[in-house]
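Structures given as structure tokens follow.
In the two assemblies presented below, subunit A is common to both, partnered first by subunit B and then by subunit C.
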Partner chain A sequence: MSKFKELLTPKRIPSALLIVLAILLLALPVFGKDYYLYAVIRILILALFAFSVNLLLGYTGLLSFGQGAFYAAGAFTCARILLARPNLLLGIICGVVIAGAVAFILGWFSVRHTAMYFAMLTLAFGMMIFGFLQKLKITGGAMGLWGIPRAPLEIPYLFSISMKSMSSYYYFVLILSSIAIFIFYRLVHSPLGLTFQGIRDSESRIAFTGISVRNTRWLCFVIAGMYAGLAGALLAPLEGAVSPQVSHWATSGDPVMATLLGGMYTFSGPIAGAAIYFMLKEYAVGVAGEAMNWMLILGAVMVALVLGLRGGIVGSLQQSLFPRLRARFAERSSHEQNDIKH
Partner chain B sequence: MNKTILSIEGLRRSFGDFVAIDGIDLNLKSDIITSIIGPNGAGKTTLINLITGSLHPDRGKVFFNGKDITRLHTDKMVKKRITRSFQVMNIFPRLTVFQNVELPILPLLGKSLKWFSGIDDHPDVTEEVNKILEEVRLLDKRDVFAGELAHGDQRLLEMGIAIAPRPELCFLDEPSSGMNPAECTRVMELIERLAAEEKITFIVVEHDMNVVFSLSDWIVVMNRGKILAEGEPEQIKENKEVREVYLGEEV
Partner chain C sequence: MELFVFQLLNGFSSAMFIWLVAAGLTIAFGVLGILNVAQGCLYMLGMFIAYTFYWNLGMNFALSVILTLISVGICGFLLERLFLRRVYALPLEFQLILTFAFVYILQDAVRLGWAPVLLQIPLKPHLLGGNITIPIISRAYPIYNLFIITAGIAVFAIVWLILDKTWWGKTVRATASDREMANAIGINIRTLFSAAFVLAAMVTAIGGALAMPFTESTCQVGAIVIPTTFVVTAVGTLGNLKGAFIAALLIGVVGSFATFYFPYLELFTMYAILAIVLIVRPQGIFGGG
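And now, the complex of A and B:
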């Protein structure tokens, strides 16, 4: 036991938690029902969506209420591809690319403005896309697209893996999300990630370091759009249907809430926020019974959490719990050293 | 003989009916410390903003080493080796001291768009940042968050950010504001050392007359958007018009 205590230093706690989480997630299909697999997939999708928001909000200081537009671009592109040619990888790649392209176009207009103007512009673009999707025949109009197959993961002449069972799709989403999260981790800890944070802290200062603020914000907007697109592309085969509602501003609000709940200045905040937000929503819907009452319950809990935990759940843990743990560990080590001396 | 580093021709800028800069002509020499002084509202900071591209002039031209830089975008100014500090503290408070200085070094070494390598994976960047931190005497605080530094250290850090791109011309807008005498001396020593060792031409906007007269090789006096006088510190001290403008003040 003392050996275990020695190994578990405060610095190693996050890695230890990550290993435990990875084992639990990998083993989940063995003992979990399909609903739990579905729930984890939805959490991972929301986490990717929240990463998209947090890259803009937490790392670059831009609040976007229009990420639903790119989420929808990813979902509808993937759905359309899968309906025409059942190849999961092709659908997802196209979803990400088209979402990036839409972000590239809308970003050109949006990143010229900051703060409230940026938020309002993204909201307006999101609602425009919502209006478009209601009318567009190729996306099924107001009814959206139905009967989207969960196509096999295949590279012709090489391999083909069926995605019909929930567990196989679960593993696919788990692996793809892990890769996307790893890339995100590298990105935000890279020179480009530092540049994003510099823009967040002081736009006028960073302009005098030789960095084009507008172009860097534009690049950030496109990357964020691609992450939202990936989340949307993973949603379409899971649900088998996509409606224009995915581009609604209320959908764009979900990842914003998840990010605020988890902690917008932290890397893992959006993941924790997505998990808690999803579970809260499910719980509220279950308790409320009557339609729409769940919003009241969820709203009240969210207000309490956001006001009570400024900096989000992960942010608060980092500010209060981890320093205390570190102090306690340092105290314990010094006591042990004193005991040895005596 | 020092060459002319900065030439301003007929620069004008108004805000509504208020003319902040009223047709200024000015030539400033390289490798010296020039101070711009004047009463509040004289147009000193507006002049810096116009030269460095933070504001655009209504008319007039700005030349740096003979090349027209009027309306050049701020990020392009840095590529021409012109930098500045700000009147109101302007640092990156949520980043560490090291990262604050790293930000201007990254584009200088062509690394600001690297997106997959770690921040600490570039020894040339680390070496350059350490050098700058050594120069501004903040190496021992490299891992402290900039927002947690004392005011004087934040001012030094701001200077570190300004000199990190190895500028030829650097504008400092009230570098000693809010500092105690000891901190003020540190900043003055730093400016003098950098001007001498790194051959940086400084143009300083300053209110503290002790700083101005002990630091400057050349002084430009502004009043109501115009140049009132310019000359060596002793000439400015003796200037009658300057005395009238500063009547009751320190000069």
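And now, the complex of A and C:
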């Protein structure tokens, strides 16, 4: 037991939790029902979507209400590809690339502004895509696309894995989103990520160092768009149908809320926020029944968060709970050392 | 020519609704410094409250509009006093998210209070119903559309008079340009903020009340109207009343012609205008610099 205590130093708590979480997630298909797998997939998709928002909001200081545009670009591209050529990897790669391309174009307009204007513009552009999708024939108009196959994961002449069962798709999403989250972690800790945070904190100082603030923001916008596209591309084969509703600004609001709920200045905030937001929504829908009054409950929670718990859940834990735990650990270990001395 | 004037009038009448929401948004932003995402929901609230007074309770149209103004004004007062007041000092994101939360809350409140589906369009009030023959277009045109255009222009004139010519308007403008200084010379900013937001809510509610016998009332209206309003305020420079008015007319008229000539590109034209304005003049057509 004492050896275990030695191993579990306060610094190692997060990694220990991570390992426990990873084991639980990997073992989930063994004992979980399909619904739980579906729920975790949806949470992971929402988390990727929230990462896209948080890269802009938490790291670069730009609030986007239009990430649904890139989510939709990813979802519809992936759906279209899968309907034409059932190859999961191809669909997802194309979804991410097209979403990045859309973000590249819209980003050029959007990053000319910051703060309020940026939020308004992204909202307007998101609704523009919504308007397009309502009329566009290739995406099925207002009805959207359906009957999207959950195509096998296949590299021609090498291998082909069926994705028919929920558990195989679950593992696929789990692995892919872990990679994406790892890349995100490396990104925000890279010099580029630090530049993003520098722009958030002091735009003019970054400009003084000779970095183009606008181009860096543009790059950030494109990367964020690609993350939203990945989330959308993973959604299409899961649901088997996509409607233009995915680009509506109400959809764009979901990841913003998840980010805020979890804590926007933290790395893991969006993941925790996505899990809590999803469960809250499921619970609220369950309580409200078919009356769909979950928005009322959600809105009230958001108001409470803004007025009371601004760091979000992860942020507040880091600020209050972890230091307290750390202090207690430190106290205990110093006691133990005293015991040894005596 | 006939068709041109006909489409122009249609464009003007639909522009007035956008203008009234945009006016509320502009006043709230100019004075309080808050971009109220839920402004469209106040419009929706105006619509439904007016519906209840006018259609369910069978009141006189003018009376029901006035009662709607008072009710939405009270809602605006409570919103400012209880919630917005607490976030003035916070970063922009929190202000936006708070007002965004009220989009959810108000939308569901309306769904609970009135109807989950759309309400039927009530009959227009006696005097304003029916058509009138206009010489230029030589065909019957609904009187109500002309009434809306008149009302929109009247509201513009009244708001302009209040803000530009009265003492109170001067204090509002002083506060908008320098909050601290205004506070220092003895303007009661807390009261002024409440009053300004109530004015903003009322102006928007007029739009909702007048739209009630014109379009279907649904709980989606708030979410539908706000992106258009954002485009209008961005084109006409955020915080500029005159700019918002002109931009609303522009967007309304172009939208009306686009719906007629290229029905597929109706939404696209609006955003095309936005894109062009942002490339040429990123600060909007009425921005300085």
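Assume the second predicted complex is superposed on the first by the 336 of 342 C-alpha atoms of A that agree within 3 Å, B and C clash if a C-alpha of one lies under 4 Å from a C-alpha of the other, contacts with A are read in each partner's own complex, and residues count from 1 in each chain.
One rule holds in what follows: a residue touches a chain if its C-beta (ideal position, glycine included) is under 8 Å from a C-beta of that chain, and two chains touch if they have at least 3 such contacts.
Quick caveat, the model's predicted, so the values are computed rather than measured.
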>> On the A-aligned overlay, A:30 touches which partner chain: subunit B = first, subunit C = second, or both, or neither?
In response: neither
> Which partner does A:138 contact after superposing on A: first (subunit B), second (subunit C), both, neither?
Replying inline: neither
> Does subunit B (first) or subunit C (second) touch A:113, or do both, or does neither?
Replying inline: second
> For A:202, is the partner it touches subunit B (first), subunit C (second), both, or none of the two (neither)?
Replying inline: first
> Given the touch rule stated above, what does A:158 touch, subunit B (first), subunit C (second), both, or neither?
Replying inline: neither
> For subunit C, which residues count as touching subunit A in their complex?
Replying inline: 29, 35, 37, 83, 86-87, 90, 92-94, 96-98, 100-105, 107-109, 111-112, 116, 223, 226-227, 230-231, 233-234, 238, 264, 266-268, 270-271, 274-275, 278-279, 282
> Any idea which subunit B residues touch subunit A in the complex?
Replying inline: 52, 54, 73-75, 77-79, 83-84, 86, 90-95, 99, 102-104, 106-108, 111-119, 122, 125, 161-162, 164-165
> Which positions of subunit A touch subunit B when the two form their complex?
Replying inline: 183, 186-187, 189-195, 197-198, 200-202, 204-213, 216, 219, 265
> Which subunit A residues qualify as touching subunit C in the complex?
Replying inline: 57, 63, 65, 109, 112-113, 115-117, 119-121, 123-128, 131-132, 134-135, 248-250, 253, 256-257, 260, 264, 291-296, 298-300, 302-303, 306-307, 310
